[in-house]
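Each chain carries a letter (A, B and C) given by its place in the written order, and its residues are counted from 1.
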């Protein structure tokens, strides 16, 4: 459900668009053209396009509010027009903000996803190969539930999340909730798992003698099923080099372990990222691994980009996934994409 | 089919947007966030969003023309992309206007719906609880056909309506037609019902010594099935108090009564509304009842809103439906919603 | 698949919009209202509307780039949200251009369609009756594959075309490719047909002593199935009269003829067009015929329009299709439409 749960990077970009526009409805767009291999060993044409509607308002006494949806989320090939129904999330999100306090609902990150920096630090690619490999953690879902990569439980319900953020100095504190079954309880794997995902997190963004540091600590839980905590940090040097590391761990309830026939009551993820930016050129590489006694998958990703200016980039990406421990074994699969990325 | 048939209030809002914009395509938007209970006794998150495309043009000699569609009508969860087909209506409407004469086609009201004021006079709510209860008449459909609340037959075909309005002084005269089966005849309940819905109406909007009066008289028919007439009026005082009443009656053809196994050849609806506006605060309450020897359903609705300015409102709504005569019986169901409504 | 494959005329219009706007995302729109008969002998209401998103960018060193999608292509009644998937084409296209060289991908014409002028020379209609009759060739597909009218093989795969154009003086040279099965081979009618459609073309647009001449010569092939060449030219006189002729021929591989049980290994199409423009008035007529020993279909189309200015036109169209050789026989079917066309 990557397309449903808005990544933190996208939120930043959206905020940028909004502030640069007058109040009302603003349009921005993107398009990509090139070739790619989605893992089936065929190289094929790649064409993609999207339009984003960004709505911004302000009350007389200084409350700001806004909402966003993308055209591809509105049309939604998987479940067309899902955003039309107020009881589920179909790509729409909206917020109200006053001072350092912001309440966001809909297609937004849970607290853990919101605070933890990701490991794709530079470059980008048409097919997001560098973040789509099996070892990546975007904190957008949970591998055990099959909702997306990550260990955060976001999207365990209908993806309709409410998150409250409070910024104080360089810190942002976040609390989030997602209903698993529109207010009713739900069974996962036959275990009565409660009715909500809850999350807590704190993030830091600051500067230590010229080194830009971002760090986050998050926790999410489905109370009768499992909980996860995670910690991640990145550092960006003035030389253009950036690096980071991430670690998260899910602890499963005993019931879940028994019913699912697992031998291990925990799942670990760790990841590393490295990026380099020089003038118009960017390159990033990341590695990650999910690990339990029952399950192991790792992968690495590469992304490079060259910026022509005015919104046009040449991009190339590569992702490699291994289902066992041997990184360069032939058992896994890999994907690549190369072409032009446009933003308008 | 409430979402398909544009309510009169929405038409007014759209006109406002258009006149405030240059010719071409203008965007406006709305979003809502909060919680609601849709009648299943669970409180759940509510997130909704929409974008409206309003197109406006003018010829050299003073003909004006325009068209509108909403993003949620274009995506359309029920029947995706329906607006793409010119033989049915999927949320699109367009008009051409000269002097007091206007021809509108597509997602527009039939003559009866166009002329009769509704009883939700003040306030509003995220889930439209105040107009979604079983006793409300929005003149958008017919309860016997199950197309929507009301007794007007709008939407008995594909919702593709043509309406001609002529304004003269404080009066507007309206004539409308909707094909039931794209030019072919149709059977309802086994009765050969003809091929069209026709409608006639006249409305009045004026001022009597400081009291703003709106009134409408309408008639619609499916010639071999049934006809309905309706009358409604509202008055708005300078004190902020407004009130209104509505009455409509469907007379069924004898064939229909026999085939449907009914004992009564008529269905009545009456309704009352009361509103109060004071500075940023609005509250409205309405009551309505459908009645025949075979069928009885009533309900009441409440809506309250507080306007923060700039397009942001706090809104709360409640609706209660009773399927028998006892208004405060436990047999019925109720809905509520509360949260923030944004317009951009 | 006419709606998927952008006709050359639409490309021209889009370019006009883009150049009149600032860089970024621009909106234009259209709407149509009237009545039509789609060939079933019922006259019914016609309502249609569309919004086009045109995105335009420019790098610092003079590369221009852009992308387009229509709202009805995004929603797409046939396959909702198809544009969201980068491996297929769902109405989106994008280009990058430098000097006389342009690379376009997605919802664009193959080389043959791009270079050959069509025979609907003046006027227009709500339901495109003048181009939808069975004898018309819009070079958008292939009648043997049933993808659309024409003999070009465009859309034989997923409609995701890559075309490179190079303009030199009054000439434009075009090369195109479309994958038939996302990089894999495909069987048509049981014949292993290869993996791609390839196309070549050259067009000319110039002026001979006041006569505006457009001409094109194109060739497309599915290497192990068939190939087609086509030639077409139109001339526009200063008096407002224009005329043109088109001819194309498909040669089928012997295997295909055998397997499909055909007796003729070729299919011919020829067509003629005539147009007249005088002040606000335009009228066009065209005739075309597909012919082989196994198959014969012909048709003619009429379109007339009156321009009120400001984007409003009255339009009427008529199309007549005959499945045998006798043009005025009663065996065929005809369609008409009449009403108002609006552009915003």
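Here is the rule we use: a residue touches a chain if its C-beta (ideal position, glycine included) is under 8 Å from a C-beta of that chain, and two chains touch if they have at least 3 such contacts.
Source: prediction; values computed, not measured.
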Copies subunit C and subunit A - interface residue numbers shared by over half, same or different: different
Subunit A on subunit B, rotation in degrees - Cα superposition, rounded to nearest 5: 120
Whole-Å gap separating subunit A and subunit C, where each centre is the average of the chain's CA atoms: 41
Numbers and ranges of subunit B residues touching at least 2 other chains: 27, 74-76, 80-81
Complex contacts: residues of subunit C adjacent to subunit A: 23-25, 27, 53, 55-61, 63, 65-67, 69, 74-76, 79-87, 89, 92-96, 103, 105-106, 160, 162, 179, 182-184
In the complex with subunit C, residue positions of subunit A that touch it: 3, 27-29, 31-33, 36, 38, 42-49, 51, 71-72, 74-78, 80-81, 126-127, 308-312, 340, 342-344
